[in-house]
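Next come the structures, one after another.
Shared chain: subunit A. Partners: subunit B in the first complex, subunit C in the second.
Here is the complex of A and B:
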């Protein structure tokens, strides 16, 4: 009951934030650039054409009215019209979303699958060589320009060693699998083609690592520091005095209690991965939303950019809400 | 320091004829006595920092980068925008340590000048975002209630965007240029400072000296400026150091996408953006500018972390 009312409260609180997010995107897209109609029509368009476009876009009405129209459009799923592809932005994003989702999920898996054990080992072997190595690894991670890391990976694994393919989701000679989930790893398995699955996996490795490295580093740090702070508490000493094996102490007593900050940071990372994907997808030519948005920026396709910005912000807000709720379930001490 | 000692100095009302030198010496002596506690604190912090290897390492990196940026015109072997088509895309050699780019400009010289741009972006962004963020946060925390609610909801909205995404949208809307990129990144960073300072302000405002100041008739603006903000100073410095690293990364990312510094400016991210086209055959082009971004940001990150450890009273001693 308590949790339910907490969730309701959080949902209510979401309303002003969502309104604020749409308002900010609206202000950026409608108020800042000199003249959206001129931008939409192109530099060479005649004065009348621009005026007609302005009227048909409703840009001659006062700003609050435009904002209301924008909001109602959003409720109907209208994110604007892409200048570059000449179709609604939401359809574009829908097409590009699965690739980004696959990349983000793979990165998340890497983050948790590598970051968690690394953090635990680092905390248990504190101030030993393993710990120092993992700390250096994470300092590099949080300081790494993602786009440069991608290029260096390409140089090493594609150019020099030739182990991994350098761009796209599949070899260009392989037909993409039938669209079921849009995630190639799953779709190829559904088709029963192991060769295609292997190819998709090889294509995924470098981008996924590149995207995950920053958050991998952050998660390793958080796990390490929260494990260390739990390990210093009295109940661990008691457990040791009771003769419980060291492995059980670390995995059961410490890990469970240090999971909460880890869950928070993991949830935050999912949202940030969407931002990081912009750079990673550009480097590896990964046909997802991130590459789409960079291409749009270079084409001055503002509706596409703003649609993407809004969708990412909404996803970010919802994920944070989910994390907060999960947090309430995980930690019996949290009272609201 | 209690606020009234500043307004009514201990000399107030006394008129004594003394020489300017003597007066200066006395003022200095008085300053030392008045701030004895703060001076000891700073000296102690510096001592702890000197003993902390990552603080020393981080500071050395930062210092090296700043010196490189300041003395680029003296140290750089070539003019960073000097075109020399005969030597284009030359691999690293004794003449060109980091090789040359597609129109024969020396990459080492460009990287050295690039430090000026990156550090400048970092400093300006932190100055704008830190200054505005601190004032907004302190006002929000001290005034409380309605003001606090409104300001913090606005900050929440800005924090609802992944930093790079919002900076990208803003920079694109403002138009591609270095100054617009600086504005965009600064806007994104404001809430980080505001949130932290607000937290500190909430703690400070319950202290007795605030009540004393209010009882003496001090107004809200005066209290925020003279009591709340100085007490948040060390946290702002720590956060500013860490944000400086993040700013350099985001600004370089914007330039890489084509929204920050414009060619022929020797900005590191913009250089990598062009170098990417030559990655397969001219590895040095994209490699060296990125290496400098990495090292600079590492410097700010480890120095910032060490500074936080040293200034945190819970773990310092």
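Here is the complex of A and C:
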């Protein structure tokens, strides 16, 4: 019950956080010199055409009035109207968010699926060749620029070897699946097309690896170091003295105790990944939020920017809440 | 048990990957074009962007179209949905007969009512495209297939404006999709209802836009069945896809990658003289630039050939006067500034401004600008002018240009329709200060008179004469530094045939005539 009231309290905190975010983005986007009406009208448009447009977009109203109208719309679930795409922002987000979500989830799967075992092996086989190799791998991951890595992957696996498809979410000639979830791996299966599913999976490999590499490296290092510190503690020596098998010691006792920092970093990483993997999405031509937000900034499309920021802030807060709740399960000493 | 599960899992993965199609390759009926920008809106009454027009243009008919002469694009127009036209002696009333038998998908005829609806809609909405049809006062239906267009005042390039994207003829039934008096803008932003050779079948935002040939098209049947416009922002991504044969045309490949691309035997890089020009605005209202001797000195300081060979790798020519080569009204013997630092210094001395500090603003909108700015800084230093460079976001740059809040600024321009007024009247009319055209805020009563008179005439010879007179004055006043006229490069697979470049339709394609071997 205590945890339930804690969750409810945290959810209530969401309201001022999101209000603050909208206000901040509204103020910043209006402080940037530039005229969205002019951007929309085109540079050769006459001043009269620009003024007409400004009126029709409601941009001639005082700023507090515009902000109040935005908030009022928000209460009704209306995220505003995209200046650039000429349609409700919510429709844009429905189109672009699933691509980012799919890429982020695939990246996280790689991070945890590879980073965790690699960290464990590294810790258990400390200072052996496999540990050295894993550390070199991690150093590369942390230090390699995503832009360069993405291009090299494409050059090698797509252009030179032809093993993997190029950019995008599906082959150019394949029609996208009907949008049920927006996640192609699920939608293609719902459509019953194994070929499309396979194609979507292959298209996901390189961008997901490219995006995950940095976080994968961080997770590997964190798991390794926290495992090593736990392995030196007295209770592990006691467990060994009691004749518990090495595998059980590593997986049951050490791993569980070293998971808290790993969960923290994983939670934060998901938030960051959802915030738009701008470079990865650009290199791999991935039609997600990263590309969307860059275009919106270039066009001064502030309703789109506010919608994007709201979604990311919401995801961040919820993921962090989930991480906090998870602590209580991982560590009995943590109580709310 | 575990091992059995592993075997099944591996089996499924192998089967799925085997079923997936890697590089399925393009078929002959489908053209794939790699482009660098997504589409924003599909409404011809709203969009002012060539990247939108690329999709809109082939889906609609217009009264006029650009001529193709000897397989090459021209700036002259000829009837398309119009059958013929007559004009009153005062050049104010244009009576256009519309071709019979053209219908929209729902069977509604493309007739006088449809033309009136479309033009009235553009003008009523009043966004960017309304300026292209701005000469129109009224559109009246004479009979089912005759329309009378009355102009506010005589307007030389009127016929040319009927070939612009703004003049696309929309099915009047779109009004059933109107919401809150928006004249169906919400619906047409995401849908199309035209009678052109292609129609939209899919738009996956950020991924691709698919057009299919219209079976019922009244004109010559398109050779392609499908066109896929693939949005690919990265130049290197486009290059790899083109070389691998996954796309047939790539329009966003950076100039420095072209030489390597040309070594691929399956790829050809076609080059066309374009009407896209790059130039520097010298703000004539700023105290340091009010004296024309200073502006002339700056014009003499620039290493034009160096910029063309270094930045464009030779793919361009120095401008001679404001009207580019290939556009009627171009004056081949007008003064062309050349690099002459000694003369520039002398001019500055004569103006009493031997030491001068100036600021140049520019954005990252065009990849060439960063390099040009650096070259200008070095060139100006040679004549004792200290040029400060200020890079800023494009919306901010536009705002500053519009307000005249700058000294020097880098810019690019391409005409919307084939008429020298797109340069002469936009750039020099003192009524047109700001972003819409006269970005140097240049004012000359004499030039105003000449260009305004030229715009009101329809006789090309008389108009040319007036524009030539104006150009001589302008070049002496030097309100801009005219850098170069670019060459458009379109890299494509050798199998692509029938592509015709039209300088009025930059980033747009004649899909109806393209085929693949």
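Following the convention adopted for this analysis, the second predicted complex is superposed on the first by the 259 of 336 C-alpha atoms of A that agree within 3 Å, B and C clash if a C-alpha of one lies under 4 Å from a C-alpha of the other, contacts with A are read in each partner's own complex, and residues count from 1 in each chain.
By our rule, contacts are C-beta pairs under 8 Å (C-beta built on N, C-alpha and C of every residue); 3 or more make two chains touch, one makes a residue touch a chain.
Not measured: the values here are computed from a predicted model.
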Partner chain(s) touched by A:45 [first = subunit B, second = subunit C, both, neither]: second
Which superposed partner A:287 touches (first subunit B, second subunit C, both, neither): second
Subunit A residues touched by each partner, larger count belonging to subunit B or subunit C: C
Which superposed partner A:298 touches (first subunit B, second subunit C, both, neither): both
Subunit B versus subunit C as contact partner of A:278, first or second or both or neither: first
Touching partner for A:134 - first (subunit B), second (subunit C), both, neither: neither
First, second, both or neither for A:143, with subunit B first and subunit C second: first
Which superposed partner A:151 touches (first subunit B, second subunit C, both, neither): both
First (subunit B), second (subunit C), both or neither touched by A:159: both
Overlap of subunit C and subunit B interfaces on subunit A (superposed complexes): 32-33, 151, 154-155, 159, 282-283, 297-298
Residues of subunit A that touch subunit B when the two form their complex: 16-17, 20-21, 23-25, 28-29, 32-33, 139-140, 142-148, 151-152, 154-155, 159, 271-272, 274-276, 278-279, 282-283, 293-294, 297-298, 302, 305-306, 308-309, 312-313, 316-317, 320
In the complex, subunit B residues that touch subunit A: 153-154, 156-158, 160-166, 168-170, 172-175, 245, 249, 252-253, 256-259, 269, 272, 275-276, 279-280, 283, 286-287, 289-290, 293-294, 297-298, 301-302
Residues of subunit A that touch subunit C when the two form their complex: 32-36, 38-49, 52-53, 84-87, 92, 95-96, 99, 151, 154-155, 158-159, 162-176, 194-195, 197-199, 201-202, 282-285, 287-288, 291-292, 295, 297-300
Complex contacts: residues of subunit C adjacent to subunit A: 15-24, 26-27, 30, 32, 38, 40-41, 43, 46, 48-49, 126-128, 130-131, 134, 185-186, 189-190, 202, 204-208, 228, 230-234, 236-237, 240-241, 243-244, 246-247, 393-396, 398-400, 402, 416, 426, 434-437
